[in-house]
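Here come two complexes built around subunit A, the first alongside subunit B, the second alongside subunit C.
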Partner chain A sequence: MDAMAISRTALDVEWQRLQVIAQNLANENTTNAGGDGPYRPLRLVSGPDAGFEQLVDANGVQSRPVGVRVVGLEPLADGARRVHDPAHPHADADGFVTYPNLDRAAEMTLLIRTSRAYEANLTAMTIAQQMYMRALDLGRR
Partner chain B sequence: MMGVVDPVAARLAVPLTLPIGIGPSPAHAAQGVGFAEMLQAGIQAVDHKISNSDVLVRNFTLDGSVPIHQVTAALEDARMAVEVAMQVRARLVETYRDFMAMQI
Partner chain C sequence: MDPMVTFIISKALDGLSMRYQAIAQNIANATSPNYRPVRVDFENDLRRAAEAGPDAVRHLALTMRQDTGHVPGSEIRLDLEIAEAAQTSMRYAALIDMLGRRMAINRAITGGGQ
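This part shows the complex of A and B:
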């Protein structure tokens, strides 16, 4: 896998991570997501895009560079935030409404990190492309 | 301490090599493929990249389901492939001219 293909997989992953963070922020006040309680903030989990035999190859040292892929979406075990609001349509018998316990600071931090990772991979891609084009200049007359 | 295998040292003992390029070509591949076939396969690969970027641009403008970096990366891929093809063509034409100008 060449450097440009690796960076491209990373761009895809970071793009999807951004989508998940945007979904978390958008559902901050969702009290009833599809009928089963409040929305649960999600985290995108990513890992190396290698098969099992490749990962255990050569004593666990990967013998060739691979890209990254989305492993899955995991809900955060953060619990819920309960607010007393008896007039709310989704209030329970005690008059409490359950909101997702979204950590806004953590989401913002992850947002910035995602953005920086995206930029870093774009830079790596640009450098790889420059090296490719410079090598093409070899022997040009 | 002496009898214990250091896991880090054991790991580093495995030579980590990154294979680059196609390596020594197998004997059967070298026989049947001529230069014309190689050239044609290369041109088809370039054409495939161009049409691939074409499809991505169309999808991007139509519904926006394609991330923009995929579109620009495919366009760059196609541009570089065309550039390489042009280099091959330039060298080919140059060699042909050299041969034709040869005094026998």
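This part shows the complex of A and C:
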């Protein structure tokens, strides 16, 4: 897999991570997600597309990196936030409403890190493109 | 003209291209937990092969290896990887330029200088 394809897989993964963060922030006050309790904040888990050992050929010299992939979407074990609001339609028998316990600072930190990672991959892709363009210039003079 | 230079430049271009793939892989996995970065070092091997002769240069196998100096669990430094990427790209461009000049000389020779 060439460098641009590798960077492309990462752009895809970081973009999806951004979407999950946006989803978490958007559902900060969702008390009833699909009828079974409050919204559960999610975390996108990613990793290298295949183990390094698998990439090594039988002769043990050649190896090909194949980028990154989404491993899964895991709910965060943050618990719930209970607020006393008897007038709320989703209040329980004791008058408490259950909200997702979203760690807003953690989401924002991850948002910035993800955005930086996305930018870095975009830069890597641009540099790879420049290299290819130079190679195409070979023999043109 | 000595074909050795062309062999060396071609192999170095392959090496730099592979190094760039390794850098792209490292940047792509900057957010992967417990990722070990990969590196490509070929300069010393290429220098030794160049002393041994053209066949040694042509059959030199390029390898990608895991970075043994990386502390497990520590973050990938994006800035250093991007700097490495820029340097690799510059070297690649310089070698392409040299190869282009050699081809221009060969063209001048075959054209009889006309």
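Following the convention adopted for this analysis, the second predicted complex is superposed on the first by the 130 of 141 C-alpha atoms of A that agree within 3 Å, B and C clash if a C-alpha of one lies under 4 Å from a C-alpha of the other, contacts with A are read in each partner's own complex, and residues count from 1 in each chain.
FYI, a contact is a pair of C-beta atoms (placed from the backbone, for glycine too) under 8 Å apart; a residue touches a chain by one contact, two chains touch by 3 or more.
This one's a predicted model, so the numbers in the text were calculated from it and none came from an experiment.
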{"item": "Partner chain in contact with A:127 - subunit B first, subunit C second, else both or neither", "value": "second"}
{"item": "Partner chain(s) touched by A:65 [first = subunit B, second = subunit C, both, neither]", "value": "both"}
{"item": "Partner chain(s) touched by A:3 [first = subunit B, second = subunit C, both, neither]", "value": "second"}
{"item": "Partner chain(s) touched by A:47 [first = subunit B, second = subunit C, both, neither]", "value": "second"}
{"item": "Partner with the higher number of touched subunit A residues, subunit C or subunit B", "value": "C"}
{"item": "Partner chain in contact with A:15 - subunit B first, subunit C second, else both or neither", "value": "first"}
{"item": "Subunit A positions touched by subunit B in one structure and by subunit C in the second", "value": "4, 61, 63-65, 125, 140"}
{"item": "Subunit A - residues contacting subunit C, complex", "value": "1-4, 6-7, 9-10, 13-14, 17, 46-48, 52, 61-65, 67-68, 113-114, 116-117, 120-121, 123-125, 127-128, 130-131, 134-135, 137-141"}
{"item": "Subunit B contact footprint on subunit A (complex, rising order)", "value": "4, 8, 11-12, 15, 58-61, 63-65, 122, 125, 129, 132-133, 136, 140"}
{"item": "Residues of subunit B touching subunit A in the complex", "value": "10-11, 14, 16-19, 67, 69-70, 73, 76-77, 80, 83-84, 87"}
{"item": "Contact footprint of subunit A on subunit C as seen in their complex", "value": "13, 17, 20-25, 27-33, 35-36, 38, 61-64, 66, 78, 81-82, 85-86, 88-89, 92-93, 96, 99-100, 103-104"}
